[in-house]
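Note that subunit A is present in both complexes that follow, paired respectively with subunit B and with subunit C.
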Partner chain A sequence: MTSTTDREAGQVGDVIELSLPVAADLLVVVRLTAAAVASRAEFNVEDIEDLRLAVDELCLPLVRSAPEGRLVLRFIRTADSVEITACVDGPEASGGPDAASHDPEDALSAQILDALVDEHGWDGTGSRCWLRKRRSSLPV
Partner chain B sequence: MDCAVRPLGPSRERFAAFATTGDPALRDQLVTEHLGLAHQLARRFVNRGEALDDLVQVASVALIKSVDRFDPERGVEFSTFATRTIIGELKRHFRDKGWAVRAPRRIQELYLELGHIISSLSQELGRSPTVAELASATGASEEAVLEALEAGQGYRASSIDAGGEGQPEGLSARLGSEDKRFDGVDDRSVLAPALGLLPEREQTILRLRFVDGLTQSEIASQIGVSQMHVSRLLTASLAKLRQAFDDQR
Partner chain C sequence: MVEQTFEVNERRSGDGVPVIVVTGEIDVATAPALRECLQTTIDGGAARMVVDLLGVSFLDSTALGVLIGALKRCRELGGRLDLVLGEQRIVKVFEITGLTEVFTIFPTVDEALRA
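The block that comes next holds the complex of A and B.
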């Protein structure tokens, strides 16, 4: 279905958004999406596996802090990386850097992210977290 | 975030002492103090068909390695270093077992296995099985099953110029040409010429599915192939038609 020209034209700048109820058992959808996006970015299988683990850790603090509302994710494929941002859209939305530094589980998530991705953090208002993982090397 | 597991100051000094002395008692102490981290990380991998005890053991061995190899001079916190090492070992453990880091070959195998299981479960249940049922039958996670099914559909529509079954010169060479077998087909349909170029079996499947309204399983038993094969052929034929359609516009 994808011709060579299609692929070249679509090489940079896929933006994919997901909105789903806040629920840990729905993270499978997020993981599969992350894996598919990373695969389009030509990540190797190990990097894809890392990203799969990482999205869990990205979302878990949000899921823990906001039992209601919707988890909104945005996947961006750039020339050599995948960026994912996550936030909760809803009345209960909280979380953020303060919550993260107090909850040991969240701190562990941050530490796991350190091991899996190149960069990650919370944005200024503390309601949105993000990660970026670069492709480790181009397939030969 | 680095203080998640242990306060830094005193442990840093002890790591420095251990790095110079290699004192086994100090080593034990450092390992014991960080067992909680090994445990927590092992728990992160628990929903993948491995017993927690085994994972904790893998993580603990990795923790010991981390204590032995940690260089406090490098300015990284021990917990950061250990997390990286332990996750690496846990991933390796699953990879050696053939899971989690799902190498393409593993997905292939699972896909083939699914083919058999889908037909036997379909017969057993009198209906098409769910992903959850397939997961429990294969011992794989639902996620892995979904991926394997997706990989099976991963028919990358070969370029329209590539030759197909018994059509060495490729589809594009004949697109738009007359096809005697389809004289009766409404020639205003933009799809008709392309349809005629599909292998006969794919034409039959398309007709059974979309004209006669049979399910994939019904088609499968009628033409004597697996349901998954029907699914794959349908995806492939539709992709070819879509391509031909796009090219004509």
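The block that comes next holds the complex of A and C.
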């Protein structure tokens, strides 16, 4: 984990990058990292749990559609939020919303993300997904 | 943070109702084992069962999909699948997906078995 100086007003420069093999049993590492970043961003316990679930849901279509390659995540802590982007670096990399649209769990996943984070989506190519969750309140 | 090991086991109540006891985290890696256990129970002739999730510390949409699939099969066979939930963060996942209206949820296994 690295901490750099503020890049611009309101920005805190924690950028954590995580690269790991695409494997279902490694999503636990992604969740633990998200929880650690959320904790460092002073999220409360409920928001940390929300982010842990949200990042899991964010990565699911990538893990389901890419049998090999590397799952690459970037966690950015700003002054009042955590942003996470995820993509798969590999020959079978796809996994955009269209690729997973027939999965019956997709609607549930979208509902969960809608409820837990402030913004989420896919980039124009459908290969990279992202979310942003703001801190709901400062710790007492 | 120590992750609780995922486990799924079936036991029978005094009345012979299957109680599927799950502990740990249910995600895309562990959900297949839950699906297999539920499938085996249904294939064994049970259409009425209770799934005890009191020991579950995390579940995602993959787990919900498995539970919904088993619920549908039980109902098709004229039975029911009831859930036992304790942790608020687990209840919250069912609430935000509207599944508290789909599943019958109890706070204890005893209450589920009495229903």
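The working rule: the second predicted complex is superposed on the first by the 126 of 140 C-alpha atoms of A that agree within 3 Å, B and C clash if a C-alpha of one lies under 4 Å from a C-alpha of the other, contacts with A are read in each partner's own complex, and residues count from 1 in each chain.
Just so it is clear, a contact is a pair of C-beta atoms (placed from the backbone, for glycine too) under 8 Å apart; a residue touches a chain by one contact, two chains touch by 3 or more.
Note that the coordinates shown come from a computational prediction; the quantities given were computed from them, not determined experimentally.
**Q** Output check: A:Arg134 vs subunit B and subunit C. Expected answer is one of first, second, both, neither. What do you get?
**A** A:Arg134 contacts neither subunit B nor subunit C.
**Q** Applying the touch criterion given at the start, work out whether A:Ala24 contacts subunit B, subunit C, both or neither, answering first, second, both or neither.
**A** The answer is second: A:Ala24 touches subunit C but not subunit B.
**Q** For A:Arg70, select first, second, both or neither according to whether it touches subunit B, subunit C, the two together, or no partner.
**A** A:Arg70 sits against neither subunit B nor subunit C.
**Q** With the touch criterion stated at the top, can you tell me which subunit A residues are shared between the subunit B interface and the subunit C interface?
**A** Subunit A residues touching both partners: 28, 31-32, 35, 46, 49, 53, 56, 104, 108, 111-112, 115-116.
**Q** Where on subunit B is subunit A touching in the complex?
**A** 1-5, 37, 40-41, 44, 79-80, 83-84, 87-88, 91, 100-104, 142-143, 146-147, 156-157, 159, 239, 242-243
**Q** Touching subunit B in the complex: which residues of subunit A?
**A** Residues 1-4, 28, 31-32, 35, 45-46, 49, 53, 56, 100-101, 104, 107-108, 110-112, 114-116 of subunit A touch subunit B in their complex.
**Q** Could you please specify the touching residues of subunit A with respect to subunit C in the complex?
**A** The contact residues of subunit A facing subunit C are 24-25, 27-28, 31-32, 35, 46, 49, 52-53, 56-57, 60, 63-64, 104-106, 108-109, 111-112, 115-116.
**Q** Quick one: in the complex, what on subunit C touches subunit A?
**A** My answer: residues 1, 3, 25, 27-29, 58, 60-62, 64-65, 68, 89, 93, 96-98.
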